[in-house]
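Here chain A shows up in two complexes: once beside chain B, once beside chain C.
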Partner chain A sequence: MSGLYILGYFIVSFFALSIIGLFIFWIDRKITARLQWRVGPPWYQNFADIIKLSGKEVLIPENSNKFMFIFSPILALISATICGTILLLILRSELGFEGDLILFVYLLTLPSLSIILGGSASGNVLASVGISRELKLLLSYELPFICGIIIPTIKTHFTTSLIEILKYQQLNGSHIFSISGIIGFIIILISSTGKIGVVPFDLAEAETEIAGGALIEYSGILLGFYKLAKSILLFVIPAFIILLYLGGTTLDNLLGVLIFILKYIFVVVLITLIRNTNPRLRIDQALKFFWGWLTLIGIVGILFALSGV
Partner chain B sequence: MNLKLKALKKSLWVYHVSAGSCNNCDIEILDLLTPRFDVERFGIVLVGSPRHADVLLCTGIVNKKCLERVKEVYEQTPKPCVVVAVGACACSGGIFRDGYQMAGPLNKIIPVDVYIPGCPPKPESIIAGIVKFLKELK
Partner chain C sequence: MANNKKVIVPIGPYHPLLEEPEFFELYCDGEEVVDIEWIAGYNHRGIEKLSESKHYDQVTFLVERICGICSTSHPIAYCNAVEDLCGIEIPERAKYIRSIIGELERLHSHLLWVGLAGHFLGYNTVFMWAWKYREGILDMFEMITGNRNHYAMLRIGGVRRDIEDQDIPVLKKTLSEVKDKIKMLTEAVLDDPVLAARLKGIGVLKKEDIKNYGAVGPVARASGIDIDVRKDDPYAAYKIVEWKVITTESGDVFDKAVVRLLECFESIKIIEQCLDAIYRKKGEICKEIREIPEGEGIGRHEAPRGEVFHYVRSDGRTTNPVRHKIRAPSYVNIPTFKSSCIGETISDVCIILAGVDPCYCCTERLAVYDKDKKKKIYSFQDLVKKSIEKTEKIKKEIGKEVKLWKKLL
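Right, the complex of A and B next:
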């Protein structure tokens, strides 16, 4: 597989991921609207948002670090796209090596880190409150998230290759049909809401108290890059959960794609339901929740997985 | 009509500027954003920062304390943006036009695109005003 092929794949998957992500974001908003007995936005709403943001003026604050301020949204977009590209390559069984699970976990923290970089470069007081929350949130949700990743690793005979996990589930059935599988699925679903930054854990962007948090100074297309990165993450993380727990998917034939879409909508609807039925937590409550109960349940799940249940 | 203007009309992000109002118009604006009126079907969303905004919903006479802030918020908003004066006070000064604190009305300070009179205007009339403006916008 040559470098040029990978580059071409990256560019194609960037456009594909953007379109899928923005469409998924619409599904999320529409379900939210229907749950609140509203009509909700039309299907092209998120596309209109991005196109509008690309036509707006970009304001750069006087006391900001200009290079980091412009660079961080681009970093967020690129890192989210790299995650998506790797995941698409793995789902189509084209690329895979021992340890790519660990690489993927590292890459998934990059969008959060770029939000922290951008917020701290903007030189705003409220943005600094936002980035301090984002940093604490990053520390707190990583622990149960890793617990949720270790469980399928153990169940697939201690492999750290995503493609091995996928192939094992194609032969032996999905990991979710066991006690430790269910525990792991619930844990990774809840901690992924923190990773995407939706309502129970959106305190880094809390619009009602700190006015957009880390993104407060961003305008125009730079804000659009962040929105696009977030909607790509909304595709990447549910697909990652499907790969780990609801696996056995191939994207080679039409039936496989259809089953994948059904599983995908199931996970997205679960995340949307969590977001619509919970209030926003304070940072200390979120930290206690993640490091307390969720990690404890995660460790119990790991013990179950080790004993083969 | 170009694509960006079309997109702007379909996705208005609103920032609420309260420039010394009596809170009556503000309560009507809060009502406007509830599920009952559902302005999200037009793509209208409330945002927390003027940097994200396309529409400034301004209420109240602009009093002397608010004068500098209103100017600053207008300068912080990325252009193109729309300024909407909600309520009799923002349009003309209303019953406070001879008050000692009066520095407005709003169109003395920043360019206003839409006037929605009423004391306070109903949410329906705010929606009607904005929809009429969107039809005229070219």
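Right, the complex of A and C next:
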């Protein structure tokens, strides 16, 4: 496969991911609205938002590090798109290698890191509070998140290849139909709400406390890049969870695509429900929760997986 | 100053937490708040001075504009003050109607606070549900007074409008529906473990703090001090009906929520008794007052946020008050942040600051554009007509139509 082909694939998947991500974001907003007795936005609202943001003036604060300030949102968008591209390739069973799971986990932390970079480059007090929270949150949710990744790895005979995990599930049934699978699914679902940055773990943005946190100084298309990266993550993370736990689907035929969409909406609705039935936690509570209960349950899940339950 | 090396985190003058212009400077050491400075006065409107140039009857409607949420608390306190000055007793029916309006206002204000507190915690579902349930109370307001806000019900010597007999069963039915909904909301909020983890034990105000700062209303009652003007210095119908003052002991933000939610049920109890008392009974609703004698009077009312105090002085010659002094509850409640916020984290400080329910005033003006005829804005007369039409619609939907609104047209 030539480099040009991969570049082309990257660009095509960028547009595809943006459209899917923004549309999924609409589903999330619509469900939220219906839960809250509201009408909710029309389906094109998120597209309109991004188009509107791209037409707005970009304000760069005077005392900021200008290169990092502009570079960080682009980094966030690119890393989120690479994650999505890898996932699309694997779901279509095209590309993959031993260890791409580890690469994927690394790439998934990049959007959070770029928010930290951008926030610290902006030189705002509220942003500094936001990035300190984002950093603590990143440290706390990674541990149970990785527990949730280790469980399917163990169940697939210690492989770190995403394609292997997918193919194993196609032959032997999804990982969720076992005790350790259910435990792992719950853990990864909860810690992924921290990764996407929605309530109860939206402390880094916390509109009513620190008015947007790390993103407070961003405007125009740079803010649009962050929003786009976030909505791509809203596609990537649930799809990743499906790949690890609810696998057994390919995107080759129409039925497979349909089943994938149903599973996907199931996961998104779960995340939406979590975010609509909880208040925002404090950072120390979030840390205690992730490193305490959730990691303990994760270790129990790993032990179950090792004993083959 | 010792705070030189601390980071200042600003909350205000424009901040999503406080919709009104107020400025809190949080001196922070990491996430911990070590000191707070408060700057207020961005929104001074000179109402006390303005009222000295208005007729006694006009001031009733002027003080309504002090706040969009406690818009009937100030008129009640003002009327109490002028009636105290004149030394008159208002008719019994007017007393009941005043209590009904005052308690309905407490209901809608407490629900509004519960919703906003949910919003500040990122719990938007509670926000929307509380405000949805509040709609029923606003509909009742519209049925009784014709307005959702700024009810214009009071005048010196009584009330302006009567509650018709055929409305009362409908009002009681709506009230019992609202009661069920509030019960559901209360159970949901008080049983939520995450909310409890977030709110319990933060922003604790001890009894001494309350006494030192002179805090009033639900803030004081959450710390176990049972001050309530309605019990301590009864006016309107509060002496006649049966109800109790809600207090809790610990004084944290959770208890403030508990006090407010439980007070809703007491308010419903009061309204039900008042509606029963005026049902199928005729009576005067207002006493004519021709002259305001020389002298001074004070009036108090337990607003949703605490005691409202009005002082009026008359020289017996002019038709307007010579001096009019107002003390609103938020002004004594907000400074308690000095003892409740210091030492807490930024996240907690935000909800503690909102926990005293600082009074917002955000009444909107309406402008409607016509797409086809390009830019058409309703005139004042059109808006009045539309408002009356809407009131009639609500009345048709939840009760029987009353001819009073036809007369106004």
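Definition applied: the second predicted complex is superposed on the first by the 309 of 309 C-alpha atoms of A that agree within 3 Å, B and C clash if a C-alpha of one lies under 4 Å from a C-alpha of the other, contacts with A are read in each partner's own complex, and residues count from 1 in each chain.
The rule is short, and it goes like this: contacts are C-beta pairs under 8 Å (C-beta built on N, C-alpha and C of every residue); 3 or more make two chains touch, one makes a residue touch a chain.
Bear in mind the structure is a predicted one, so any value in this text is a computation, not a measurement.
*Asks:* Look at A:L113 in the shared chain and tell me whether it touches chain B only, chain C only, both, or neither; answer first, second, both or neither.
*Replies:* neither
*Asks:* Going by the contact rule set out at the top, does A:N278 touch chain B (first), chain C (second), both, or neither?
*Replies:* It touches chain C, and chain B stays clear.
*Asks:* Tell me which partner A:V300 touches in the superposition: chain B (first), chain C (second), both or neither.
*Replies:* neither
*Asks:* Counting only touches as set out at the top, which of chain B and chain C does A:R38 meet: first, second, both, neither?
*Replies:* Both partners, chain B and chain C.
*Asks:* Touching A:I259 in the superposition: chain B (first), chain C (second), both, neither?
*Replies:* The answer is neither, since A:I259 touches no partner chain.
*Asks:* After lining up the shared chain so the two structures overlap, which partner does A:E57 touch, if you call chain B first and chain C second: first, second, both or neither?
*Replies:* First partner only, chain B.
*Asks:* Just to be sure I read the superposition right, which of the two partners does A:V199 touch: chain B = first, chain C = second, or both, or neither?
*Replies:* second
*Asks:* In the superposed arrangement, which partner chain does A:R29 touch: chain B (first), chain C (second), both, or neither?
*Replies:* first
*Asks:* Following superposition on chain A, which residues of chain A contact chain B and also contact chain C?
*Replies:* In chain A, positions 36-38, 207-208, 210-211 sit in both the chain B and chain C interfaces.
*Asks:* Using the touch rule from the top, collect the residues of chain C that touch chain A in their complex.
*Replies:* 7-10, 15-17, 28, 30-31, 118-129, 132, 192, 194-195, 197-198, 345-348, 350
*Asks:* Would you tell me which residues of chain A are touching chain C in their complex?
*Replies:* 32, 35-38, 125-126, 128-129, 132-133, 199-200, 202-203, 206-211, 276-285
*Asks:* Looking at the complex, which residues from chain B come into contact with chain A?
*Replies:* Contact set of chain B toward chain A: 3-8, 10-11, 35, 38, 40-41, 43, 46-49, 51-52, 54, 76, 78-80.
*Asks:* Could you please specify the touching residues of chain A with respect to chain B in the complex?
*Replies:* Within the complex, chain A contacts chain B at residues 29, 33, 36-42, 44-45, 47-49, 51-52, 54-59, 207-208, 210-212, 215-220, 223.
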